[in-house]
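Two complexes follow with chain A in common, the first pairing it with chain B and the second with chain C.
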Partner chain A sequence: MSLLQVENVAKSFFQRGNELKIFSDVSFTVEPGELLLISGRSGTGKSTLLNLLGGLERVSAGRIVFNDRVITDLSMSELAELRANGIGMIFQNFNLIPGWSALENVEAVLMHRGISQSERLQRATAILTELGLGDRLHNLPAELSVGQQQRVAIARTLVNDPAMILADEPTGDVDPETADEILHLLLPRIKSGRTAMIVASHGLFNPALATRTASLKDGKLHL
Partner chain B sequence: MSDLLTCALRELKKRKLRTLAGLSGFFLGCMLITAMVLMLQYDLQAKNALVNYMGNKFLAYAPMNLIGAGDDQTARPLDPVNEGFFTEPTVVTRLLPANLAASIAKIPEVGVVTPFLLYRFKNSQDGHVFSIGGIRPADVRALQATLISRHDIISGVFFQQNDRNVVIVDKSYADMWNLKVGSVVNIGDTLFPVIGIAGSHARTARADVYMNWPDAEAAISRRLNRPLNNEANLFLIEAAGAETVAAAMRKVQTLIEQGITNSVVCSIPVVKFMGMSQNAVSAVMLIVAVLAVLFAANAQWSAASERTHEVAILKAIGWRDRSIFAQFVIESLLISLVGGISGAGAGYAMFRTIAQTLGARIDAAYQVVDVPTTLALLIFATALAGIIAGLVPAARAAATRPAEVLRDL
Partner chain C sequence: MTRDIIALAGRELKQHKRRTFAVISGYALTVAFLIILAAVLLYSRVVQNITIGEAGTYFVTWLPACGDISSLSEEELAKLARGIIPEVCKEKCENCTGCNKKPVDILNEGFVINTNGTRLLTLDLVEKIRALPLIKDASACLMFRFRDPQTNTIFAVGGIDVQSPAVSTNCCAASDLIDGNFLTGSSTGRVLVDIGFAGNHGLKCGSNLVIASETFVVSGIINSGARPVKPDVIMLFADAERVINRRIQNPLENEANLILIESRDATVHGRALEDVKALMKGDSLLTTGCYFPAAKAIGLNTRLIWAFMTLVAVAAMLFSARIQWASVIERRRSFAILKAIGWNNRVIILQQLAETLAQSVAGSLAGLVAGLAVLLLVPVNNLLGIDATMTGVLNPGLFAVVVAFAVTAGVLAGLLPVLMVIRQRPADALRRV
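Up next is the complex of A and B:
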């Protein structure tokens, strides 16, 4: 059984009563240790597809199975639990909470899960230190460089050791050097088979790093 | 729960201005309500005490129709010029069955009642006129509330139930005739030893000489055209409460043919005023409370709007709806609790300052106002208001759809 199975998934939005089809009949699988690059132009639905996989949105049709759980049947609360434990998300614009320090942003993932505050802080400190931000723990996002902000976002994703990472243009807003740094933080985990990653990118991500590529075009996923 | 508190405290510390705005609303609201509640309590208790002391007592009687019919059956004095059943100062009264007291006692607005025989006597030796009052010492509570009890005795003792042929005299009468405990009083050519002197303070009714009921009946009967037959000319009544005086007087009046009820002081306007001030203050308190809740709800609503992005991120990283909901409610609760506690303290200080400025005796206020309970109730109510104020914004925050918010960025 694959880590992720996407079966005939379709997504439409409704605007003023008109159906706007984003894509349909999307099917693919992802195995542990795999890096799937989904490319496509802006507006083709890459981010929407990642949102469906992360349970942030509901499919219009089809089925998604993650770790033997049909996540398209899960409640919002169960989906939230899934994101807290099994699926990590990295956003293009980092989506850090501006008023919270780097440490607090990472610690937030571990809250409301019965983990003591000392353990939370210890785990958040460890991952931030591992990513080279040991001396920036208490800085607010605005006090960090763009690359450092992205590293905080990655630390927030990795602190849970997720089985699957969904990354939306993870290197989109950073210079090539920082992009390299970020990828070097993520790739070892993927190659070790600890996690799988699905990257959505409109061309800024190096396809040579991916184990498989697909493109989203005209409402269909081409593998 | 500790996660919620940790996070709530972190949020409140970081958003100092908003927190301060929320705190100010609850602080001001709670301060004003606390001060008003304490002042109202003090005011009502003081008035109630005054009215209870003076104003919720009244007497009931039927005036003698001197020229009309209908009073044929009533006993008449043999010397109607100098003697007779009366109430102050000149109203001549009819006799009524003493057991009417039992019917009066059944009126819910009536607290206690006792029959009273008040008769004007002429001293056969020097011709001076004085009054005698026949009482039933067994009616301890009614007598204590309306007329005379052992607490009023300033010298000697009060009646025992079976005491006979002894009297208690009012101090003013005793002073006038130089009477002391052990002196004798001539009533209808019978001498009665004085066993007690009663203080001359304001009462529902007053006599110069008090006698046990059977002695009074016997002494008065000898001055009438027929003997008394368990009759009384006055009923001394204490209403169940200051607020029920008017209703009690009205109902008692209906039990007595051509009856009249008189209060010692005019308590009805006081009671009406108490009701008016209570209603006015209650209305103001309600308005202040509603404004405080709306203010806090508005602050929380703004916070929820301002933090939509933050909430969307938290949901995207795995926070559940109920965690988001609880987070907002806890923040609102913390603000209301801190604002409520400090506001209640400031309100209490305000109450003390106002009371002292107006010259009220704070010590007396302490005795009548239950400050700890009042403050505890107000703080509880404020916390409840905080929770209520946080519910709608919390529900709104919990309903945030992260995909939509994050897509819009």
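Up next is the complex of A and C:
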């Protein structure tokens, strides 16, 4: 059994009664230790596909199985549970909570799960330090550079040790050097087989780092 | 988990001090304002009740004299003096026992209420009136007009039961005293004199006053203001009975000519008047210190209070909802993000509940304290010169209602945006907010 199976997934949006087809018949699998790069031009539906995989959005057709669970059948609260435990998402626009410090943003993922506050803070501090933000723990997102904000978003995902990371343009807004640094933080976890990662990018991500690539074009996923 | 929620709520409120302060002071101002408004309104009602109550719960009942005595022929007058009732009078005899007790000087003297002639009533009627459910007190009173043979002056003497509450509202009370002492149950031979009469006749406390050849000592001078029964001279009922007996054909036997009455309260005053009228039958008259409309105005006033209280509750809800709504709308995006990183709906709702509850309770209590402080420190009653303290209207139930409405509305208004975020799919919530 693969870690992730995507079977004939289609997604359409309905706007004022008109069906807007984004893609259809998308099928692929991902194994632990894999890094799948999904490329495609802006507006082809890369973010939409990641949202479907993370359970933030419902499919129009098809089936998604993660860790032997049919996530397309799960309720919204079961999906939330899944995001809390198995699937980590790095958003294109980071989605950090503006009023919370870097540390608090990362700590939030571990909250309400019976983990003591001291352990939460210790784990959040460790991961942020690992990502080079040891001296930025108490800064608000607005007080950080875009690249630093991105690293906070990555830390927020990694602190949880998810089995699958869905990363939307994880290196989109940083210089190539920093992008390399960030990837070198992510790659060891993947190579060790602990984690699989799906990256969506419209071109800035170095394809050589991926174990597999696919591209979204004209409503289809080309493997 | 509960501890996490409370801790996080505390952190949120502390971190956004300005927002928290604004929200809490919003609640405080709203609650304080509404409490002061409600209390002042209630207070004005209490004051109104006192005013109307004082003016409107007492009255006197009596039977007007049989007719114009001067229209009777000499022969009829002579017969009347012997207790023989002329035909023209007979229809008015119900409740009256006075036909054989006509004054000796029938043209100058007689039973009166102030300037109007009256018939006599038996004292058992007083008992019957006192037994009516809407009546608080009824008291027999004699009022007789005398002529002083020496000076030819005419004056009215009242005989009262000094202990009766109906006397103090209808005739005179110790508070009317200008000089000297009020009468007590054992003030036999002593009288109170109206200030006007005392002035005209040079009477002071301790002066002697001769009435029907009996000498009385002036105990006090009074100014009884606008009361229904205003004799020039007031004495104990038994004294009055004795001096009046000297001036009528046959002695009084358990009789009086006025009944002073106090109804239970202003709200039933109108019905009490009707009850007494029904019991008296015939051509009895009521002299009262107030109009019906004044008593009825209280009922209208009560309905107004309820309308106002509803308004206060609605205002509390709207203000609180407005305050909380503004601060939570700002946080909708945060809730969508928390949902995207795996927080479940229950936790998000509880988190919001904890924060809004803390703010609304803290704010409302602060408002309650501030409102009470204003009400207790500002001497409204002194300013208005009214003898009723504000403390009487500081009604815990009212305050509880205001606080409860403010808190409930705040919590609801705080939860509504959160519920909206939660109902959406996270992707939509993130995109839209």
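Keep in mind that, in the parts below, the second predicted complex is superposed on the first by the 223 of 223 C-alpha atoms of A that agree within 3 Å, B and C clash if a C-alpha of one lies under 4 Å from a C-alpha of the other, contacts with A are read in each partner's own complex, and residues count from 1 in each chain.
Keep in mind that, in the parts below, a residue touches a chain if its C-beta (ideal position, glycine included) is under 8 Å from a C-beta of that chain, and two chains touch if they have at least 3 such contacts.
Because the structure is a prediction, the values reported are computed rather than measured.
Label the relationship between chain B and chain C on chain A in the superposed model as either fit or clash.
Chain B/chain C on chain A - steric clash.
So, A:His112: does it touch chain B (first), chain C (second), both, or neither?
It touches chain B and chain C both.
First (chain B), second (chain C), both or neither: which does A:Leu209 touch?
neither
Touch test for A:Ala61: chain B only (first), chain C only (second), both, or neither?
neither
Between the stretches 92-100, 200-208 or 218-226, which region of chain C is in steric conflict with chain B after the superposition?
92-100
Starting from the residues of chain A touching chain B, keep only those that also touch chain C in the other complex, and list them.
After superposing on chain A, chain A residues 51, 54, 56-57, 76-77, 80-85, 89, 91, 95-99, 104, 108-109, 111-112, 117, 156 contact both chain B and chain C.
Tell me, which parts of chain C touch chain A in their complex?
Listed in rising order, the residues are 1, 4-5, 7-8, 11-12, 15-16, 333-334, 337-347, 425-427, 430.
Which residues of chain B touch chain A once you look at their complex with the stated criterion?
2-4, 6-7, 10, 14-15, 309-310, 313-323, 402-403, 406-407, 409
Help me check something: in the complex, which residues belonging to chain A touch chain C?
Touching chain C from chain A are residues 51, 54, 56-58, 76-77, 80-85, 89, 91, 95-99, 104, 108-109, 111-112, 114, 117, 156.
Name, in rising order, each residue of chain A that touches chain B in their complex.
The touching residues are 47-48, 51, 54, 56-57, 76-77, 80-85, 89, 91, 93, 95-100, 104, 108-109, 111-112, 117, 156.
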